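Here come two complexes built around chain A, the first alongside chain B, the second alongside chain C.
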Partner chain A sequence: MRPLPLAIAAVVVVLLVFVPWLASDVMMQFAIDALLLAVLAQAWNILGGFTGYVSFGNSVFYGLGTYGAAIAMAQFHLPFWVGILLGIVLAVLCALLIGIPILRLRGPYFAIATLGLAAAMGAIVSNLPIAGSNIGLVLPLIRADTMFYELSLGLLVLCTLTVLWVSKSRFGMGLVAIREDEDAAGTMGINTTVFKIVALVLSALFTAVAGSIHAYWISFIDPASAFDPTLNVRMVIMAVFGGPGTVFGPLVGSFILSAIYEYLASSISTAAALLFGIVIVLAVIFMPRGLANMIGGVRARGPRYFLQNIRENRL
Partner chain B sequence: MRHSMTALGALALLAASTSLASAEDTIKLGASVQLTGPSANTGRYYRDAYQMMVDKINAAGGVKVGDKSYKLQLDILDNQSDVNLSVRQYVQLVSSDKVNFLLGPFASNFALNDSSVAEKYQVPMVQGGGASTEIYTRGYKYIFGTLPPADDYYASTIDMLQKLDPAPKTVALVAADDSFDVSVAKGTRKLLKEAGMTVAIDQAFRDGAGEFASILSQIKSAGVDAILWSGHETDALNFIRQMKSLNVDPKTFYSFTVGVPTADFRSALGGDANYAFGMTSWLPDESLKDKWYGDASQFAKAYSDKYGYQPDYHAASGAADLETFVYAIEKAGSLDPKAVRDAIAKSDFDSLYAHIKYGENGQIVLPQIVVQIQDGKLVPVYTDKILNKPQYPIPAWGKRG
Partner chain C sequence: MSETLLRIEKLSAGYGPVPVLFDVDLTVGRGEIVALVGSNGAGKTTLLRAVSRVIKAEGTLEFDGADLLPLPPEAAFMRGLVQVPEGRQLFGKMTVEENLRMGAFRRKDKSGLNESFERVYELFPRLKERRRQLAGNMSGGEQQMCAMGRALMAAPKLLLIDEMSLGLAPVVVDQLLEVLTDIRSQGVTVLLVEQDVFAAFSVADRGYVMETGRVVGEGSIAELQNDPAVREAYLGA
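Right after this comes the complex of A and B.
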């Protein structure tokens, strides 16, 4: 990464810190949602983007983070930070427990194995009295959108710095090597299992904290909202739209898609879901490798970049 | 980092796109309702009921505050059956659209989240779409609701069963595993215990599963007197069909929390729907007198003429939410949220839905009306007294004409 983009990114972050003093309440709601979604996309990127292991089960970590905060705060009246820690512990344990067996699966088989995770955990949680069974848990109400915003922003910065470190480190090179050719990576002395599990744990950690923040902010959770299957799809789309395996791609992808969704939902409500779908279809046809790749591609080849993608898609 | 700047620009654009001037002599009511998405089929009841009530009240001269007359204005947003979006829309309604008061969405999980917005901003919300007791156990001050608590759904039924001859002694309780039906089952267990009945079978099924063979064979071998069932409508239809095909005959009685009052239920089952008991919090009955429509049956007629489908308790409950605001605003003689909130808490009036009176926690106290399908017609049977003679005990499948 050249120094200039980093400097600009730092300036943007500093500017974003002051948003709560300028933005309206509605804007704050949108911003917190968008920041948390960006964290999910960025966290997904650590495993999905760098190793190419596409997980459709990350919302299981989100749900555990949600429940960690809710159980600590609603059942035991502990402070919020304890809830975040509990969420992290639950999610990391879960990542280790499921990562060790299923990360041995490759390609589509891994994706299929992750598909059922969120639904299974939802079913388990809805039978636990400590988690409020299927009725859900009510957290104390607090009117502190500024705090939630700054927490979300902080988390996103931390998550992005982690991805930046990953992209430059030996660890990250190992992950990319796994993506390109796992057998070759193994031959080169990379302990692929450990690398993949560490990537999954990092991903689970950030996802869980996003879940905890969301739980306290929204103040009511139930299994259906915590283990929402559509969330899996959304984070994958956002990361892939922006450019998987890059540092800023998932951020840009999630901000742009959040903004488009919000704009469509408030201006032409009935057709919003349809148009959102069209945006994604077009993106896959014209820029299957994401925004980050498109910027470079268009600079190098102009409109021919899109033609080439269409040809590669055999349309 | 051009990308981040683009994103920031998009954010700024959004902030600018929401603003609405508020006129002097209107009272703005806001709601975010499921107009598209999976819950839209029920969401429409609320949109249509709100709109119809607002039109009627405005045509009758609006709302009197002191000696000044106000017109009602309705702001309805579509939350696309997305909870996060609905929370954002309620914040928008309160903070940038500057609505005076809030009406509710459909369904308990929406009401649970959206009511937090009402409480945070201290704007009263009256909602007719969520029955879960959780909405009212948080000590919130600004949320009121016109659907009776899930725990009490079977209260009037069990009350009636004790007065019938022979009164059932053993009961099979079958409930879906979603949050609403779990609450119903929990409340029903307690009520059955108080009534001295034994729960012989207590089974939960996965919501939407549609497969009851194993539960039904347990019921059959236990030989229970009555079945109390709780879940959603498609499952209710499947349960009855499978009851018939497996020849499961409780000795005296079976009842469902949903389905029985709807016309779809009767047309789907034909003659097999007969004798089924059910419940509803509302029937379009002439005995429910109302200031604007005269009575509930005229409301139902006007509603189906205008929208082309029959209103059910969702619609009536939504209409009652509006009536509550009009009543409370006129009582308070002001638009101050706190004054109106206090007036709502003291509500005590007749509406086309029911007699409106809120409990200490903000939820309405209202017995369910026990209904039964008798010869293809829906007949109200019991509330706190017998209204029409129930066909009881229910004859076995093999002994029907």
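Right after this comes the complex of A and C.
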């Protein structure tokens, strides 16, 4: 990657560190939410963007992260960092357990197989007394938005640095080869199953930590909110809107969509979801390959880029 | 015959409960070009899949003095057993250069990489001209060149080429056959699996003929060309 985007990113991160001393309470709520969503989109990008395997199972890792933190803190009165670790362990184990059989499926079959996981995991957790059954768990309450904000920001930076490494490494090259042609990748001596599982585990790890932070911040969790399949849909939309398989696409995509949604929700609360849907539909029609692709395309071909997309979609 | 590089003895393999290969014997000496011919469904590709360890097999399978049978496909690849797959299987949305780079994916010696690039571009000057083009946008012959170049980037000891001539114009096939002798002179051994018997025999030192999962004929090209059964079945004489 050229040094300019990296320099811009570094400056933006430094500026973002100081936001809590300037922003209002409402603004902070939005900022923490947006940062955590960006982590989810970026983590999804590691598997979905680079290998092309569309996972609807990431909300499972998110849920395990929330429950890891909640069980450690609410049931055993352990510190927060132990909760994060527990969440990571649960999510990574789960990623290995489901990844080894399911990552042998390709294309839509993989997506379908992951689709049921969140519901199944929600049902399992609802029946575990240690996880508060279907009532949920209450975590110790603290008012520390600044800490949650800085933690989320740090996690996002870490996750993005990981994606940056992936994009430049041999490992990432192997993932892209899998996306382009998995059989050919195998012919080149790439153990595609191992590569995909490592990508899934990395994805699960960051997703789980985001879940832990969110759980402590909200301080109440239940199965329905922890294993929410619509959250997974948002990860996919944000990453694909920004540009899957790029380093900054999912970040920019998730920030823009979070901002649009927040603006719509506060100005016309009832029709917000509808308008948000329209934004997504327009995005798919005019820039189906994401923001990152659009910027390059418009620079090269001007407005004709959009016309070409419409024609290729055969609308 | 020179020192043996690949030794296959009494090899049987199949897909699940369906046996396809029966007691196949085949050897490839270092520095040889060996042709493996046979009609559709003779088991040629299955033999390649067994050799490159993609499917299970029983019998003896030795490469470069080591037993291959217990190894996974990546390990066989690492030992220098590299396949040019049927239908080329290029990364269509990557450039020629990126495809070649993917061929060197498992190589640890970064220093030899530039040299390999040079050598591939020398063998296939067309690839050098097109190195920034997307592999999927090239002609069939150029794609076959790219697939062979990509395999050479892995620094193979033995190149397994499956159906090189498939869907190519005869003049292009002739060019590729010439390159095979150049490849051999650079110390790479070649096992050429072909339906086009004329093409395969024009460049090979020795040949094997397969039918319904068995080796039914073997010998030098001259012997095979004079074998009445081979003449009738494949050479139309």
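Quick note on the criterion: the second predicted complex is superposed on the first by the 315 of 315 C-alpha atoms of A that agree within 3 Å, B and C clash if a C-alpha of one lies under 4 Å from a C-alpha of the other, contacts with A are read in each partner's own complex, and residues count from 1 in each chain.
We adopt the following convention: contacts are C-beta pairs under 8 Å (C-beta built on N, C-alpha and C of every residue); 3 or more make two chains touch, one makes a residue touch a chain.
Being a predicted model, the structure only gives us computed values, none of them experimental.
> Touching A:255, do we find chain B (first), chain C (second), both, or neither?
first
> Have a look at where A:279 lands relative to chain B and chain C in the superposition and call it first, second, both or neither.
The answer is neither, since A:279 touches no partner chain.
> Go through the superposed model and pick first if A:26 touches only chain B, second if only chain C, both, or neither.
Touch partner of A:26: chain B, not chain C.
> Looking at the overlay, does A:190 come into contact with chain B only (first), chain C only (second), both, or neither?
It touches chain C, and chain B stays clear.
> Between chain B and chain C, which one contacts more residues of chain A in the superposed model?
B
> Is A:170 contacted by the first partner chain B, the second partner chain C, both or neither?
second
> Tell me which partner A:157 touches in the superposition: chain B (first), chain C (second), both or neither.
neither
> Looking at the overlay, what does A:126 touch: chain B (first), chain C (second), both, or neither?
first
> Is A:147 in contact with chain B, with chain C, with both, or with neither (first, second, both, neither)?
It touches nothing on chain B or chain C.
> Find the residues of chain A that appear in the contact set with chain B and again in the contact set with chain C.
None.
> Contact residues on chain A for chain B in the complex?
By the definition above, chain A touches chain B via 5, 8-9, 12, 15-16, 23-31, 33-34, 126, 133-136, 138, 141, 143, 218-220, 222, 224-225, 248, 251-252, 255-256, 259, 262-263, 265-267, 269-270, 272-273, 291-292, 295.
> Would you mind writing out the residues of chain A in touch with chain C in their complex?
So the residues of chain A touching chain C come out as 170, 173-174, 177, 180-181, 183-191.
> Hey, which residues of chain B end up touching chain A in the complex?
It comes out as residues 1, 3-8, 10-11, 13-15, 17-18, 35-37, 77-78, 80, 83-85, 87-88, 91-92, 94-96, 109, 112-113, 116, 119-120, 132, 134, 137-138, 140, 177-179, 182-183.
> Enumerate the contact residues on chain C facing chain A in the complex.
The contact residues of chain C facing chain A are 72-74, 77-78, 82-83, 85, 89-94, 101-103, 105-106, 150, 154.
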